[in-house]
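Have a look at the structure that comes next, please.
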Amino acid sequence: MKIAAIIGSSRADGNTQQLTELALKGIDYTPIILKEKQVVPIDDLRHAAGGFHPVSDDYETVIDTVLEHDILIFATPVYWYGMSGLMKNFVDRWSQSLRDDRFEFKKEMSQKTAYVITCGGDQPRIKALPLILQFQYIFDFMGVSFAGYIIGTANAPSDILKDERALAEARQWNEKFLNKQK
Amino acid sequence: MKIAAIIGSSRADGNTQQLTELALKGIDYTPIILKEKQVVPIDDLRHAAGGFHPVSDDYETVIDTVLEHDILIFATPVYWYGMSGLMKNFVDRWSQSLRDDRFEFKKEMSQKTAYVITCGGDQPRIKALPLILQFQYIFDFMGVSFAGYIIGTANAPSDILKDERALAEARQWNEKFLNKQK
Amino acid sequence: MKIAAIIGSSRADGNTQQLTELALKGIDYTPIILKEKQVVPIDDLRHAAGGFHPVSDDYETVIDTVLEHDILIFATPVYWYGMSGLMKNFVDRWSQSLRDDRFEFKKEMSQKTAYVITCGGDQPRIKALPLILQFQYIFDFMGVSFAGYIIGTANAPSDILKDERALAEARQWNEKFLNKQK
Amino acid sequence: MKIAAIIGSSRADGNTQQLTELALKGIDYTPIILKEKQVVPIDDLRHAAGGFHPVSDDYETVIDTVLEHDILIFATPVYWYGMSGLMKNFVDRWSQSLRDDRFEFKKEMSQKTAYVITCGGDQPRIKALPLILQFQYIFDFMGVSFAGYIIGTANAPSDILKDERALAEARQWNEKFLNKQK
């Protein structure tokens, strides 16, 4: 039961990352900090002769790491009522992996379980709902099980430590993950 | 009545761009092709001492162009049930402009009118609805009037020319824009 | 290709009904005016010993009529950002039909195609989107194909005749239906 | 700080009601069981000469009770991915109260705080999100503060007692309500 946390924040140690670390306290997991990777926007060559070209950035390394894990935690701040551009660029590149002959991307992903953690400052329990629906469509398309999400309310650094509801949910996840790794 | 079309496609002359060009046929407008600009993901320094640093990419030029127009058409393919990473990175950087003393970003934007054009292949008239709701939240936050959207169904190149409903809507917009520029 | 229009308005000849009639002009169809029927709220006996009891209202007659048709048009005003209570009571009763041994409700419904027509006064192209998503979940559950929807903007009587976009969509549907009944 | 719980279930002591009772344990509150009231669907006379007529059912008594309270808990099962028909008929009738000269319905409601509790069996943490968005639009329109919601997962009777997340949220609310009534 290998766990990876894909962190889409563009600020180190932000609220989303803190909440993710609480959910994963004492857990053996692989953090994937997208901010520290270079993942360029997709060049959409789906319909070009020759298809996609190899891209010399960190995407392939990241996706290889992702595929080695069973549980994926997508942790992104709510930026402008959606996932961060860092996270979105990463997901957009899946279109390339779907057409990559070297592995069966969709099939491999379909065996995974996903969780979403997101924190925002402007009524996220309402205004992040389209983001949750978007993740549902993404996971449905890939056949990934969507096992749960936490929406935290936070704006200034460490605000999340005051969101009792989100903290309680993170603790519940933590117990569950601890049991899975026993 | 100056019109700009902000194109977030990562494929030249894709369906979204075609539909946008139909809506703007005979209209004097400024195309802003994000794929041809370099806009790096935001480095979130909202809470850092000193705040945001200048970034040496094309964002400032793009936003200056945007601000010179009255009507903004956000044209993005539906990528993974959301706006493209190119478009998202651009919008994420608004957080920086909001804190830029040299101009009153929110106030200037609040005098503008926005339209959204988006095309997707997987039931976009349902699965792009979270994207429309996201744009609504974005425009609400900025005080921008959200005057309408077109969701086209298209996957392979030029598919959009078969979507009678989307074409009819684009023609209606075209008439309206022509009248405004008379 | 038999068509029924299930009208959930609580006002005779309202905007939703007018728009529906335009979409069905020259078409042979069965109007089902819920306002003229008595359909009481469901008494939820799913988990009661003995299950559901027969209810002496018009529901059974209505559902029998529905099942005789291939294409179902659900026409409801946007009331409080959702379908009307009349329409909702009707749909709620499906839970009873699902447990009715005399016919295979889900299987029969799964062979049908559904359309939604809805009109509202307060930004329905945004604020009726949750309603469209709800219908999608309903139709998905039943295996019904969701072939399209029109959202009209209208408040005072006959306002809908000024909504050029909705009228154009209704005309497109009309052509399609006329072709199907040829 | 007077609290009312408006229960829209069509089954006595269902999961939604149980969860509501847990949230209100030890609290002095008024339960309003819609199933025990007669509230007929609205007869939409907004545009009729003479306007609305008095209706001889329980609506007026219910709304009078509602208006005597400061905190309103809307408790409805997820029926067909929306609020129950019982709850919807009740809300639809607000259109009548808005036009009732005897009191200032919108103004009085705008001083209240609302909570939503809903339980469903089919992935409600995703598929009840359109319902939450609908409540948000309803409360926004009325100027009511939307202070929070709990979505429980439950199908068979008392299933809700196994939803640890929902129970934890109900306990958090309970503490908050107890503090308010001190």
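All chains are identified by letter, namely A, B, C and D, in their written order; residue positions are counted from 1 within each chain.
The working rule: a residue touches a chain if its C-beta (ideal position, glycine included) is under 8 Å from a C-beta of that chain, and two chains touch if they have at least 3 such contacts.
Protein names from UniProt, one per chain: A, B, C, D = Flavodoxin family protein.
Here the structure is a predicted model, which is why all the values come from computation and not from measurement.
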| item | value |
| --- | --- |
| If a chain touches chain A and chain D alike, it appears here | none |
| Chain centre separation (chain C, chain D; CA means) in Å | 25 |
| Computed distance of Cα centres, chain C from chain A, in Å | 38 |
| Distance from the mean Cα position of chain C to that of chain B, given in whole angstrom | 34 |
| Junction residues of chain A, two or more chains touched | 129, 133 |
| Graph class of chain-chain contacts, one of line, ring, star, complete, other | ring |
| Sites on chain A touched by chain B in the complex | 9-11, 14, 35, 41-47, 77, 79-86, 88-92, 94-95, 122, 127, 129-131, 133-134, 137-138, 141, 156-157 |
| Interface residues, chain A side, partner chain D - complex | 125-126, 129, 132-133, 136, 146, 148-149, 164-165, 168-169, 172 |
